[in-house]
Structure formats: structure tokens, C-alpha cells
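What follows is subunit A paired twice: with subunit B in the first complex and subunit C in the second.
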Partner chain A sequence: MLNTRLLTGRLGQLVLSLFVLIAVTFVIGRMLPTDPVGAIVGELASPEAYEAMRVRMGLDQPLIMQFFRYVTDLLQGDMGVAAMTGNPVLQDLAIAAPATLELATLAIIISFVLGVPLGLAAALRRDTWVDQVARIISLVGHSIPVFWFGIIGLIVFYAWLGLIGGPGRVDVFYEGLVPPVTGMITIDSLIAGRFDIFGNAMSHIILPAMMLAYAAMAYITRMTRAFTLEQLGQDYVTAARAKGASQTRLLFRHILPNIAVQLITILAISYGGLLEGAVVTEIVFSWPGLGQYMTNALLIGDINAVLAATIVIGIVFMVLNFLSDIAYAMLDPRTREAR
Partner chain B sequence: MTTIPMTPPARKGAFRRFLTDLAREPLGLAGAIVVAALVLIALFAPLLAPYPPAEQSLTDALLAPSAAHWLGTDEYGRDILSRLIWGARVTMRTVLSVTAIVGPIGLLIGVTAGFFGGRIDAVLMRATDVVLSFPSLVLALAFAAAMGAGLGTAIIAISLTAWPPIARLARAEALVVRNADYVSAARVYGASKWRLLFLYVTPMCLPSVVVRLTLNMAVITLTAASLGFLGLGAQPPLPEWGAMISAGRKFMLDQWWVALMPGVAILITSLAFNVLGDALRDILDPRHTRD
Partner chain C sequence: MRTGFRRTVLAALIASAATIGTAQARTPADTLVYGTSLAQVISLDPHQGQDVTALEIMANLYDRLVASTPDGKLVPQLAASWEVDASAITFHLRPEALFASGRPVTAEDVVWSLTRLMQLNQAPASKLSLTGYTKDNIADLLHVIDPHTLRIDLTGDVAGDLLMYRLSEVATSVVDRDLVEPNDVEGDLGNAWLRNHAAGSGPFSLQAWRPNDIVLMNARPDYWGGAPELSRVVMRHVPESQIERLMLERGDIDIAGALSSGDIAYFRDAGEVGIQAIPTGGFYVLAMNMEKPELADPLVREAIFRSIDYAGIQSAILGPYGTERHVPVPAGYADAVADPPDWSFDPDAAKALLAESDYPEGFALTIKTINQTPRVEIATAVQAGLARIGIRASVVQGSGADIVSQHRGRDFDILIPQTGSYMPNVMGAMEQFSSNPDNRKEANNAGNFVWRSAWDIPELTKITAQALRENDPAARSLLFTQMQEQFIEAVPAVFPMFERFQPIGVSKRVEGYHGHPQNVVRLDAVTKTE
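Showing the complex of A and B:
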């Protein structure tokens, strides 16, 4: 069913991208103006101790060997130790990732639930006030700085109106009460049957998720509108209309199935974008995810942690792109083998 | 309502025609006016700003907007309006620098790939796809962290990942144009490859690249502000809008205007670039008309 040539080609692309990503992080790590050995042994270390550490870190080897070691360490899941926490970086990231995942997943759900109907409505009511409103909502979403929007949201909905929980994932007195299963508090609290904690966690996550969702929604609205307009110009739509199909039937039986494949592609791309948006959103909402971990590491110059987070976010980003292409190839009959 | 002209417009009237087209797009015209105003504000910041941007006055710290300080003051008693006006310089410098780096590089890579095709195309587009698959903000963060924070680093970091969309677009255009009759005609007359590339193909790819660059300016504005917000952009005492929001965060519950005002400036700037880019696309590229 799946075009194998396309699959291998795309897989090769993925591997190449991952390799380049790793090479880039390696180069960035070596560009550092600071002395990595001195940072560990300290200024007062004897030349012998300094040299011993240099050898232990493999820095006496030629660059190509250092790179080789870097790659083999990575393949074994060894990303070094974070100076910030004293833990292996991978362990830190495993704790931080579910928080980001939770936020980005809720955001993508919100952005689809709002964005697709808005895009459909804009296309079906083209050049009416509906279309204009959708256009303005989408334009502003493309232009708004998400971290600033988050701050304004906190001022209005938390400080002034008191409608939602503030920064963080739950109120302080709820923290650490549910056993971590998935690491996502909204799901863990349901597993533990603590609906009070679930409610509290939802009141904390809803604002950052909505703020984050807005930019993705702007993109999804715009694309849904474009896809739908493209379909509306097709002969089959005219034929269906001539046969007397109602607007609803036209929408659900004809148009939606035809744009579904394109929407799935958009889904993966938007999710990648959300992961990036999460980096700055997490700072504003004190959300203990990958973004906050990375920024904290940045501020204290813990380059190991920064590069590891870059690689992890990069891998997720690339795999999403890859899956999007594969899904497109699998679902769209035109890209199958016969072509 | 733009239609494809049957005869090419006379050179002399082209710019005037462009202005008439722009005037028919109220939103696009507004975007153009705002962008022009921002450029003027950036150029004449010393004349326009009511106070010096770095002048501290601790007795005037965190004042609400008033007649003396239209947008209030920050925690050092600096006038926020003056800092926003000077900050326009930082933003415009970033946006123009990145565009000046990314535009020619993207155009050259894309046009070369599309025009020559074959192995050159395969290699260049592979590289483009690889960079395109990077999470740009995260990579810019890592890069800025290694190079040390600053305006120059931010410009380079943003440029590194901003050229692929331009290259892809220029390639798509070049693929179409290289088979046009007038290019074949020039080839028959003995024009060299490079002559064809630079004088016949590249100019035809310019309009859509300009549109894309304009839309890109909105993204650059936002990315630069994000870097500034994280402390990786222009360093104090330079008044950078994103950094101003970050500083204002500490007082957001009581002195909300400190964080609010720079965000409005970013939103307006980015919105203006987006609206102008949309309008330019409708005017310059007949295939993408809205109606």
C-alpha cells in the first residue's frame, strides 16, 4: 500500500537530518568561549589534575575522535550530567518532557477544535463578515508574541478575575500527592481517582494551553480555509450541488473527507510549532517542562543540558515532520505506488 | 480583483500603478503606512523621544501613564515611550539585517537549484530540507547560549534557520521560468548559462521572494523578541522590546503597563509586516489573488 521508494527516501532524509542536528550541537558545544575542563576542576587545580581531567573527558583526542565519542555516547542514551541538577541530563529530561507534552497536546486539541470549524466557516461564507472576522483572528494570531499574551492572560484571568489557577501545574498544597504514572498530572490524577486534583490541574493548564493554542489556531484556520476553497472550486462540488446536496451533506460527505489528509499534515507541523512555542510559554507560567529546563540551563551556562534539550526537542520535531509525510503518503491515494 | 495584464505595463508607470493597487487594499495600505512610520521612528528616534532612553530617575520609578510620561515609567524611572521609540531601532536593525542576509542567500540557492536542476538541485534541496526540519527557535537559543548573548549573535542565530523557505520558493519559481519561451530564445541567441541565470531567470523570481521576505519580517520580529525576552538578544542598556517585557514581568500584577506597552509595540509591528506582505502578494502575484 505504501510507496516504498518514498518511504526509504524520507527515512534517509530523517537520518541525515538527525545526523546534521547532532553535528551542529557538537560544533556549538565546541564553540564555547569557556574552558570546559576548568569549569569542572576549578581554577586552583594543579596542572596534573587538569591534564588528567582533560584526558578523561577525551579532549586530548583529535576532533573527529571526539565527535565519534559524542555520537556513540548519544546512541547509548548518555547525554552527560547536568551541572544544574547533578543528575544525568536524560533523567532530568524524562521528568520535564511529560509536562511539555501535556501542555502541547491540550493546546493542539484546542487549536483544532476551534481552528477547523472557523476555517470551514470562513471558506463557506467567503467575503462575508464571517470571513473577515476569521481573517483578523488569524492575522493577530500570526503576529502576537506568545509570551506577552501569556502575561496579559495571567494579569486578566488570574490577578483581576481570579478565574483560573496561577503559574505552576497545581496549587502548592496539591503538589506531589498523586503517584506519577505518565508524569502528566491531569492524567495521573484521574488514574489515582483524585478529581479535586484533576480540577485544580485543569484550572492551571487551561490558560497556558489556550495562549499557546492561539498561534497554532491562526495557522490551522488559514490553512483549512485555503484547503476548503480549493475543494469548493472542484467539479465534484458543483455536481453534488446540482444534484441538490444540502450544505451540511456537502460539508460532511464531500469536503471534509477530501481535506482530512491535508489537515493531518497540518496537525504534525502545528504540533512541532507548539513545542517551540512551549519554550517561552513555560517561562511565563513557571511550567516545569523542557522549555523551562532549557532556559534555566541557558541562564547558568550549563551547556550540556542546553544541547541535550535541543537534541530531544529537535528529534521530536523531525520525527513529527517525518510522520506527517508518511501519513500523507499512506492516506492520499495519489501518492501510492502506481504514480 | 487583480487581473493578469495582457500587455506588460510601461516601465515608467509601474511604481505608480503599484501605489494605486496598494491604495485599493485598505488593510495593506495601513500596513505600509505603519511600516513606513516605524522606519521613520527608528531613523529619527533621538528627535522624537521625549526623554533619553537610559536616563534613570529613581524618584519617578513605576509611574502610571500620565501627561508627563504617556506610557508610564519602568522600575528605574525611565520613560517607557522613549524606550519604545529607541527600541524600534533595535527591532528594525534586526529585521533588516536578517533580511539582508537571508534574502540573497535564499534566492541564490533556490534559483541555482531550480535553474540547473539535476545533481546540483538534489544536493542544495537536501541541505535546505535538513535545515528546514530544525526547530529554529530552539536552535537559535542553543547558538546564542554558546556564542554569548547579544544583538549580533541573535541576528546570526535567526539568519541560520530563516533562509530555507526563501530558497524553496525561489527554486519553485525558477523551475517554471527556466522553460519560458523568452529564456529559450535567449539561449538560442547564445546567452551564457550565468547570463541566463542572473539576467533572465532571477529577476522573474524576485516578486514572490520579496513577498515572502516581507511576511518573514513578522516572524523575525517575533523570534527576536522571544530571544530578547529570554535575555539572549540585545543587552541592556539597549532598549529591546522583548527584554522590556521580561523586566516588566516582575511588576505585572501592580504596574501592568510596564509589560503591556512593549508587547503592543511588537504586536503592531508584526501585524503591519503580515498585512503588508499579504497585500503585496495580492498585487505582485496574480496567481494568489484572494478573490
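Showing the complex of A and C:
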């Protein structure tokens, strides 16, 4: 059913883009005027100690050699050691990535569950108060900075009302009690059967997830509305209406299947954006995810960590794109039949 | 199966609803929760790590031979007693001290640790290298007498009682040789391993450290000084001051270590939280590069001193972070001399001085600073002051790694670094301002603040070295006074503006936490009320 030539073509593109991504990030990273050696040996170290560490980190080699070494190691699954933590980068990412994944996944679910119906309603009730309300909601979500919004959310729901947990993933006395399996505390606590910890983790994740979801929802609502309006103007809708199809039938039988493909693309883009774009949210909510890891790495010029995080996010993006392409091909009869 | 799953989901939902309704806020009474930025904690190897937060952590994982109290008295730690004579110090270790691994701490471990400090040759090694110990001579100067006695020979560069303060710092922590040595990789003396493990004999053991997230320490019931009152210490990464304030208010953290002066002011009147301004003995400094001809002119430097509105900065920016002081010795220390009256803020005098110099029309320069409160704000205020007298300055901000490497490379005009003091006397605070053994660029003595400013002060360097060696208290006190007088006379290129304090917010539930200038607060005596 699927076109294999299309598939291999896409895969080839994926590998090529990945290589370009690595090369560009590497060069930019090495050209930044940061001093990873200084960050490690410290302000008062002797020049001799400084030089020794530079050699140990391989920074005395020519750039092209450094790159060659990096790519060779990478092909063997070795992303190097993070200067920032002294751990293999892969090990750091295995801790940071699930934290971000947990947050972004919950956020994308919330934003989709709320955003799509809102967009549909706005389109079907175009120019009525429903449409206006939806417009205001998405405008606000789009324009208010997450930083400000996050702090206000914390002040209201955490400091004043005491309804939710504060920054961090769980309360302090629950730290380190569940054995990490997936690295996502909500899931690990369920696996361990600790519902109290699950509840606590939910009370901590809910606000940052809502903050992220709101911004994503604004986009999803607007796009859903636009897609639906486009369909509503089509002849087949008029025909269906003329046949006496109910609003519900029209929506579920005709419009939704037609915009499903476009919605999947939006979903993939938003999800990718949430995975890499959570830096500010992570800082406000002391969330130890990829965004914070990468920012801190960038600040001290820890190029191994920056590169690895970039590659991981790049791969996620590309895979999401790839999957949405395939979904396209499967759902859209036109692409399916194209030879 | 299906109903089982459904029941699980239902139970989880109910549990989460219940917890969301009554989100628990207060921390448990047996756990101390410290919220601060952990971004700079990059190594927990005591012979490598040097960030202030890392020092706080390591001070509780490791013991040193001796310790110092917040007001600067030396007290026994691993060494129960010691004798100082003209050529050496002999230490008698506590036989009951055990490493977390259960092995007794021996003189062998102490000697191995101090040798490792010098051989690893990272930033903390400078603590001993400034007193004449090097990686080449250290082995010859340390002697194991018996399993619980050791002798440290003096190098002649430093008096015994001054060396003792160096031995009270985290840098000279004693590590468990049997744990660290087997983890040596390519001659790194176990550094890669010890960066994120612990091998000490302190009152707490390390349960986990997840960078930029959390540090968990557990009390050791078998600690030689008795089991700590707390059973757990948690350091949590909370980089944002406002968030820290919310958490401290809610009772989710007990101590907040990275509060801005605005948030500190907020707690001034709040009942649940007390503010401690920990004196660091150090300074916010105006470092001027003498390789820039304009700044090499003493008249220009004095004009700059007088152009800055110190009182304004202190009230509007610093608050609890600092007080005006222009001699690099805190005013409260013994032998401290008074500020010279003609370095105070006076724009007219500043203009007159500049007019008298070779640059009456003014000139342009850059002010570099780490993008960190309150240094950025100080830089901006200095810029405004300079503008008042016709010196056109632009402020360049950068990350710590950036700015420090430019400072090390003499690549700046004016830069705003900060210092700390390693012992509560003139030498501890002033050494970084008064010693520059070789000012040549090739000497590349990048660890030295004076060298970085290319400020050549052979006479002052000589007196400083002499004071370090002097055993007689009266003669030393005389030299200390001389050091400060000469410093003033030389119109410093490394100019102290404000004595530096580190304010922290501490919940009233916490008792016995007294901030320490060298960041070595022991948490075993800290208690918490319900």
C-alpha cells in the first residue's frame, strides 16, 4: 500500500538533514566565544592546569579533526562526556528527555482535546459570540509571555489558593522514592503502585502543562477554524446539506475526515515545538528537562551537551515529520494512489 | 484484566484529585530543603569543585583536619589536636572517625588527599600553592608518623597559624583513598568518578545528585560527632528569585540562597522568614586594565574613583548585598585602616582630576561584567558616573565562562569581579589585591587578580610575602597596616567598591543555621520545628 520509493527517499532526506544539522551546530558551537575549559578548572586555576584540561578535552586539535572525531564517536553511539556534569551525555539526556517528554505529551493532549472542538465550534458558528470568544482566547494564549503567565499561575494557584504543587516534579519527601523505569514520574509511580506519588506528581505537572498547552492550543484552535471554514465552502458540504444531513453527520462524516490529515501535521509541528520550546517554562517551574539542560550547557560552552541535545531534538522533529508524511500518505487517497 | 485496569485508573484519578485539593506544602521536620541555583555545581570532587553551592554540599560530605567557625575561630575536626612549631605542624587524628564506607580515617588518607589536591592541580590547588606547596614538593613535605598522626612541614613562605586557615577549607577535604584510587582512569586520580560520587567522612552521605535538578544527602548515624539531628538534606534547583520567594513563603523550601534584593526586601517584614546577610569578607571590585594607557594614569584612576555614587548604588541596588568600602579589608577586621577620605563620591573633584590628567577631554572604554545581580546594575551605575565626567563607557555583559576568560586574558578595560576572604584577617581578605610576583605577560599568572589588571606592585608584593611568613603577632600586625597604606598610596588598579555580603532567606522553623564566609556551614547541628 505504501510507496517504498517514497519511503526510502524520505529516509535519505532525513539522514542528510541530520548530518547538516550536526555540522552546522558543531561549527557554531566551536565558534562561540565561550570557555568550557575555564568553566571546569575554575577562575583561579594555573595556566598549566588550564592547558592540561584543554588537551584532555581534545580542544587543542584542529577543528576539522575535532569534527571527524565527534562524528566517528557518534556513529558508535558515543556522544561524549558533558563538561557540565562529568557524565556521558547520553546518560544525562536519559534523565532530562523523559522529564520534557512527560510535560510536552500532557500539554499536547490537553491542547488538542480543547483546541480542536473550540476551533470547530468557532468555524461552525462563524462571526457569532462563540467565534469571538474563541478568537480572544487564542489571541491571549498567543501573545502573553509564558514567563509572566507561569509566575502569575504559580502565585494564584500555588501561593494563594494552595490547590497545586509548586515548582519541581514532586514534593521533596517523595524525591527518589520510585525506582526510575521510564524516567517519567507519573508513569513510574503508577508502575510502582504508588498512587500518592502519582497524585503529587500530577499536582506538580498540571500547571506547567496547562501553560504550555495554552500557547499550543491557541495555534491549534486557529488552524482548525481555518481548515473547517475552507471545507464549509466546498460543494460537497452544500450537497450534503441539501440532502438534509444533520450538523453532527456533516461534522463527523464529512468535515473531520477531510481535515484530519492537516490536523495531524499541526499536531506534529506543535508537539515538536513543545519538546524544544519549553525552556522558559522549565526554568520558571524548576523542571529538569531538555530545555534547561541545553540552556545551561550553552552558557558554559559545553559543546558535547549542546550538540547531543540538538541532535535529539532534531531527530524528534524529523521523525515526527516523517510520521506525519506517512500518515498523510495513508489517510489521503490522492497521495496514496500516486505512483 | 480490563476491570483491573479500569480500577487502577480510577484509583489514580481519585488519589490525584485528593492531593490536588490539599496540596501539602510544609516540608517534613526531619528534612532541610535548600532552594538555590545549582547551575554552577559542576563537580562534587572537593579537589576540583569551587562553586559556593558545591562547597556547601561538600562541607557536609567531607571532613577537613580543622574547621573554622563563622566568626573565624579554628576548631578541631578530623584532627582532635595539633601542635605548631617553627618548621612544622603535627596533627593527631580522632581514632573514632570513619568514612561513609565504614573504614577508619588514617593519616595515610590525609596525606594522600593533600597530595591529590596538588597533583590534580585544579583551581582549589591554588589554596595551597599560594603558600609554597606544589605538586612536585608536596610529597616531601607530608609525613605519616603513625596511623593517627601526621606532620606537615612548613615551606617557609607562610606562618603555621595562617596555613591552618587554608587547611580549614573544603579544598583540603580528606577523601577515602581505598574508594577513589581504584577509580583512576588514565591518571586522573579518580577525578571523573569523584565528580559525581562521594567518598568522605562527613556527617552526611550523598544519595543522589542530578545536575540542575536536585542533590539528596542522608544523615550518617555512625558519624563520629554523633548522628545529625536532621535525617535528610535536599538541595533543589530553583534558579528564579521570585519562584524561590513563593516557595519559601509557602514553606516548600526552608532556605533560599539566590534571592534578588527586591525579594529580600519583601521578607524584611514577613514574620515566617528571617534574612541573614552573610559577610563574605570579599568585595565587589572595579578592576582596571593597566595595559590601557588612559587607565595607567593615576589621575584618571582617581577621577574614576570619585565619579561613582557609592551611597546611591548602596541604597538603590545593593541593599543587603554590600556596603561602601575602599580598602580591601572589611572595616570590622583587626588592623583594618580607615577609608581614605579623598576617594569618596565627588563629581566636581573627579572632573578636576581628569582635567589635570593627560586626557582632559575624556575617552571611551568598555565595562565588562557577568550578567548576574547585582553586578550588572553596578556596572550600569558606574557607566552613568563615568559619563558625568566625560568618560564614555559601554557595558558588555556575558556568561561567567565568557567574562572570566577575558579577565584571565587581560582582554578588558574595566571589569567588575568579586572576591572572597579565606580567613578573617587582613591577609585573608587582601592577598588577592596586593600580590603580583611577575607582571610580565609571558608569566601568564592568570589565577591572580592583580596580574590580570597588569598592575605592577613589586614593593607591595614583597611586604605581603613578608607578612605571610611573619610568626610574631605584633610584627605581623605592623606589616598588615603597611600593606593597606601602600595599597592606598599606589592608587589601585584593583579597586574595592563595596564589601560584599551574601543574603539568604531562612525560615523561622530552622534553628542553628549560621551562614559562613567560606561556605562551609555544617548542617549536623541544624534542627527544625514542626
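Some notes on this structure:
One rule holds in what follows: the second predicted complex is superposed on the first by the 291 of 339 C-alpha atoms of A that agree within 3 Å, B and C clash if a C-alpha of one lies under 4 Å from a C-alpha of the other, contacts with A are read in each partner's own complex, and residues count from 1 in each chain.
Simple rule for what comes next: contacts are C-beta pairs under 8 Å (C-beta built on N, C-alpha and C of every residue); 3 or more make two chains touch, one makes a residue touch a chain.
Remember, predicted model here, so these are calculated numbers, not experimental data.
In the superposition on chain A, contact is made by A:203 with subunit C only, not with subunit B.
Contacts of A:299 after superposition: both subunit B and subunit C are touched. In the superposed model, A:175 makes contact with subunit C only, not with subunit B.
Once chain A of one complex is fitted onto chain A of the other, the partner contacts of A:310 are limited to subunit B, with no touch recorded for subunit C.
When the two structures are aligned on the shared chain, A:77 is found in touch with neither subunit B nor subunit C. Using the contact criterion defined above for the overlaid structures, shared-chain residue A:283 touches subunit B and also reaches subunit C.
By the touch criterion defined above, A:154 reaches both subunit B and subunit C. Once the two structures are overlaid, the count of subunit A residues touched is higher for C than for its counterpart among subunit B and subunit C. By the document's definition of touching, neither partner reaches A:244: not subunit B, not subunit C.
33, 151, 154-155, 159, 283-284, 299, 301 are the residues of subunit A that lie in the contact sets of both subunit B and subunit C, per the superposition on chain A.
For subunit A in complex with subunit C, the residues that touch the partner chain are 33-36, 38-50, 52, 81, 83-87, 92, 95, 151, 154-155, 158-159, 162-168, 171-173, 175-176, 190, 195-196, 198-200, 202-203, 206, 283-286, 288, 292-293, 296, 299-301.
Of all residues in subunit C, only 8, 11-12, 15-25, 27-28, 31, 33, 39, 42-43, 48, 50, 121-126, 129, 192, 195-196, 207-208, 210-214, 216, 234, 236-240, 242-243, 246-247, 249-250, 252, 398-402, 404-405, 408, 444-447 touch subunit A in the complex they form.
On the side of subunit A, the complex with subunit B involves touching residues 13, 16-17, 20-21, 24-25, 28-29, 31-33, 127, 139-140, 142-145, 147-149, 151-152, 154-155, 159, 272, 275-276, 279-280, 283-284, 294-295, 298-299, 301, 303, 306-307, 309-310, 313-314, 317-318, 321. Subunit B makes touch with subunit A in their complex at residues 126, 129-130, 133-139, 141-143, 145-148, 218, 222, 225-226, 229-232, 242, 245, 248-249, 252-253, 256, 259-260, 262-263, 266-267, 270-271, 273-275, 278, 291.
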